[in-house]
Amino acid sequence: MTTPDPRGPVLEVEGLRKTFGDVVAVAGVDLTLHAGGALAVVGESGSGKTTVARMIVGLERPAAGRITACGRDRSRPARSARERRRRGGEVQIVFQDPYSSLDPRQSPASAVEEVLRLHTSLDAAGRRGRVAELAGLVGLDERQMAAAPSRLSGGQRQRVAIARALAAEPRVLILDESVAALDVSIQAQVLNVLADVRERTGVAYLFISHDLAVVRQVTDDVVVMRGGAIVERGPTARVLDAPAHPYTRLLRESVPRPGWRPARRALRTGQDDELKESR
Amino acid sequence: MNASLLDVEGLTVFLPVEGEERPVLRDVSLSIAAGEAVGLVGESGSGKSMTARAIVRLLPPGARTEGVIRYRGEDVGSLRGAALRALRTDVAMVFQDPRAHVNPVRTVGDFLTEGLRTHRRLSRRAAEERAVRVLDEVGIAAGARRLRQYPHELSGGLLQRVMIAAALLAEPRLLLADEPTTALDVTTQAEVMALLDELRRERELALLFITHDLELAAAVCDRTAVMYAGRVMEVRASALLHDDPLHPYTAALAAARPSLARRADRLPATPGRPLSAFEAPPGCAFGPRCAHARDACHERRPELLPLAGGQAACARAEELRGLLRDRNGKPVVSHDHA
Amino acid sequence: MTGITVARRAGAGTIRRAGLGPLGTAAAGVVVVAVVLAVLGPALSPADPNASDFASAYAPPAPGHPLGFDGQGRDLLARLLEGARTSLLGPLLVVALSMAAGTALAIAAAWAGGWLDAAVSAALEVVFAFPGVLLAMLVAAVFGPGLGAAVVALAVAYVPYIARLLRGAALAERGKPYVRALEVQGAGALAICLRHLVPNLLPLIAAQATLFFGYAMVDLAIVSFFGLGVQPPDADWGVMVASGRSGVLQGYPAEALLAGGCVVVLVVAFNVLGERLPGAAGAGGRPWRRTGLRTGRRTGRRGGAA
Amino acid sequence: MASYLVRRLVMLAATLLVSSLVVFAGLSAAPGDPLTTLSGGRSLPPQTVALLVERYHLNEPFLVRYASWLGGAARGDLGVSIQLRQDVSALIAARAGTTLGLIGYAALIVVVAGVAAGLLAALRPGTVDTVVVAATAVVVAVPPFVAAMALIGVFAVGLRWLPALGDGAGLWDGVRHLTLPALALAAAAAAAVARITRTSVREELGREHVQTAVARGIPYAAVVRRHALRNAAVPIGTLTGMTVASMIALAAVVERAFGLSGLGATLVNAALSKDFAVVQGVSLVLVTAFVLVNTLVDVGAALLDPRITLGGRS
């Protein structure tokens, strides 16, 4: 574990901003995540939620704003691999597409082992043991960890991706639509794994999603993003039961659930799509 | 029940995959009355999309089918040339990914008016007038400008509305919608589904709505069929599907979906993964994953039999009545994850 | 050079699983036989390839000389075997040089992006303007004819085609989550490229190398045909077609057609093999494009994949 | 579109500048002394040597010579051929016609035969398709110089239908003389275009939007014409254009095989005899033609496919 930091937040973002050409993807985002917490960033495509996540892990360079993880500043992408490795021990990420989240030529066990070599000083035996521990944590057995990725289901691959991220013992795990591409029965299994992992390791989640029901199941707090800005924030239960912002209300009303009927909104000219069309 | 518009009886489809013939649909039976909306729900590999494509004979090359599909009393399999083309104007289809399903190098106008100009010999101007009117109905303003645009200049939501407009322009009797909103944002989805539902009812169109989202199907369909591993597991009035399912798989599917209203400590997840028809074991395909399975379930494949106003393909459906969901909708069946 | 323009951009094209199949195996067989003949060549041929005897100019096949003689009375079989060596060694060097340079440039450009990518692309654009055969002629004019000069020239001329093709595939691979995850883990750029990017591109590299071997064989033969590559009296299939030209005009096409036939057979073999290797682009791999092809962005909120 | 063309022209200018500099530097650094070529190896009296040195600027420093050459090139004066004692630009003008005719004739064969065979194979699966695939698989591997030998052997020497060598006089005789060379040049290219056409049309037929058209009851013939062929036109046009461009350099092979006095043959002879001014002049003309044809191909693709925005920010 990197230097324990019980009191202060494990992740702090202030005034984060990003533009692509003349399109403002992220316009002034602030958020805070405490140790062991679970914060959702909800929004539709083009809301900027994924860009925020990519900036936090250094895959995208912010135009402005400050990012601090575990008390260390990471507003600018790391200059060296050593710096990236140190930051890898603070924040990790699991992506959406299960079919390209693993190197097709590398077994799950060796993928996790490769991270252990980067982040720990364990010897070969120690690493093997730790790989088995991590596999158990995400509900995978010896055989599955040795199988070629192409033989694993989408759900199993995402579990490997989670185990690989946990191998770096991060304080924050960003889940960027990590269960969006999974079938319902498999999604449930992975959500349960996430619940177990959080209980056992105390890792904090930054959960990027467009799915409000999944957000309710996984997170304690939520920020709702639209057009690159946060339009509402608060405890997940409160925001979903009594949304204050009209957009959050619209989002909630659009989610199919028992007894729900789709209602056409006032605007007939599809402006909403025209707005999105520009992105 | 007025005469059904579409009758699918014992449909079994085999596809050549890497040299061997593999079943993708196994004895699927389903009927749709004129003006009725039927949902077809299932996870990956369930065969829901293949069923829709079989109806208009759009199966991949080399596919072999058994069983019969009757549309307005005629056997679809025997239709050739002009008769088959007539069927395909009477049955319109909307696909999941509009960007792939609309010719990218021709204008939106070409796409919308091609059907009219080909089948009804309408002049380009007359066809375009009609197209603009229907575009307005699907919520797209300035139709004339849109006709001159190309598909890549429109957002996913707008392009899907164009596809729906094109389907309506053919004035079909049956609309097959294969996951039309899966690629769209949830707010756009709600808008597109509301529009599809409203226009369908106005035109008394029958609808076969394919989706992986149980609640979405229930919201727009009178009845919903649940498919698993190429088989129909249950057909049920949509209103009862969530609260009083007949088949353990439907209950498991509904329970596995997190609720918008409350947070469960752990979701009742079903172990294993959804199987495709050719991976299914003998007996009930859901047997290996079913919490209520008994030995009988693994021997014989259960038939789809009428039960409580719907149909279910489960040997223990009768005795499980009422046990699949407890009072507050929490499923009785509970598993710790594998 | 003609074949080169149909170099196919695999990018994230579908990699075909099917094995080599009957045709592919046959093609592989032809290649193996050719290599063996090239290596053993001189030992196998009974006669001395350069021993000329004007008495038997254009003489028909005779015992001990199954293929007869050329215009200068030299044994055709011996010369074909001798020629096999340069006709195979040359292309091998061209492919080795161009694939190595092309792959390195492609991965560096795909990984670094930004200015390096732009610089590499601009440089390649200049080299693009020179078809291989033309560059070979220029180099021969400057440094004098010879196989070495021609090999280097063709290798340089091929680099843009290979780099462009592999850059597309490398960019697609680089964007995939498993590479991004490794970056976030803090793995070194070189480690990621060598241990993850290159292994995943190997099938494509192998398939392209095989195809480019065929193109190189044709181009080298052309340069030798001009008299700018392998110099007579050394035997080389391109040289033999050139020297056989006068025979053709006098009604003795044996030398030219036999040498030309060898080129054709091997190029067919390499093409058939190249298209059936697992790394080959899907059946309809889109040919590479130099313009900024902005196809509509695929929307896809959720794949519903198993 | 305009910004794209400007960018392409700048790129062409840059390419020509760089390549001419490289070639010029290479030539002047080349082993062997142009004077020996000039004098044909004979020893010359001093005043003749001085005259030659002055006339061919042999004594000036490299950059000055390059600059003067560049200035001349800009005015269309590409220097003087040492071997042929002729003005390079005049020499090029005289021979360009043959090469242009050859490439034009071959391009016609490639487009007509190639595309037709490809369409036939794509739209008539079964025996026709197999035959075309097998035939093109072999022909695509027959380089022009091998095709030339075979064609001369059979049609000129064997059947005596067509002349084997020389340019011929007048239009009709010129065409007869160009037929075998054009066929030799076009053979492999036509096979390549046939294969591309077949693959592109097959690929388009498998696309989802063709499925939509079929699902809407559009007759198959209309589906093929309006959707498969219309979309396949882009890749087919692009690759056919590039194949024709590649023939510019290959023309030299056929010209040499058939004894035609085109630019290609001239370049080969100049390379052999180190006649640098000609090598420089002809290669620049060929490079320019090559880049221009490829630019035309890209512009054509952009016209056919609305998604392609030529370099502009979409």
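Should a chain be cited, it is by its letter among A, B, C and D, assigned in written order, with residues numbered from 1 in that chain.
One rule holds in what follows: a contact is a pair of C-beta atoms (placed from the backbone, for glycine too) under 8 Å apart; a residue touches a chain by one contact, two chains touch by 3 or more.
Since we're looking at a predicted model, the values are computed, not measured.
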| item | value |
| --- | --- |
| Partner chains that chain B and chain C have in common | A, D |
| Per Cα centroids, the chain farthest from chain B | D |
| Centre-most chain [mean C-alpha coordinates] | C |
| Chain-chain pair with the highest tally of contacting C-beta pairs | C-D |
| Centroid distance [mean C-alpha coordinates] between chain B and chain A, Å | 31 |
| Whole-Å gap between the CA centroids of chain A and chain C | 46 |
| Intercentroid distance (Cα basis), chain D paired with chain B, Å | 55 |
| Where chain A touches two or more other chains, by residue | 45, 153, 183, 186, 210 |
| Multi-chain contact residues (two or more partners), chain D | 307 |
| Chain C: positions in contact with at least two other chains | 294-296, 299, 301-302, 304-306 |
| Chain C to chain D touching residues, read off their complex | 1-6, 125-126, 128-134, 137-145, 214, 218, 221-222, 225-228, 238, 241-242, 244-245, 248-251, 253, 256-257, 260-261, 263-264, 267-268, 271-272, 283-284, 286-287, 289-296 |
| Chain B residues within the chain A interface of the complex | 43-44, 136, 139-142, 154-155, 157-158, 161, 185-191, 193-195, 197-198, 212-216, 218-220, 242-243, 252-253, 256-274, 289, 337-338 |
| Partner chain B, residues of chain A touching it in the complex | 44-45, 139, 153, 155-156, 183-189, 191-193, 195, 210-214, 216-217, 237, 240-241, 250-258, 260-265, 268-270, 272-274, 276-277 |
| Chain C contact footprint on chain D (complex, rising order) | 4, 11-12, 14-16, 18-19, 23, 26-27, 29-32, 137-138, 140-146, 149-150, 152-153, 157, 164-165, 188-189, 192, 195-196, 199-200, 202-203, 206, 235, 238-239, 242-243, 245-250, 252-253, 256-257, 267-268, 270-272, 274, 276, 279, 283, 286-287, 290-291, 294, 298, 301-302, 307-311, 314 |
| Chain A-touching residues of chain C, taken from the complex the two chains share | 176-178, 180-189, 196, 199-200, 299, 301-306 |
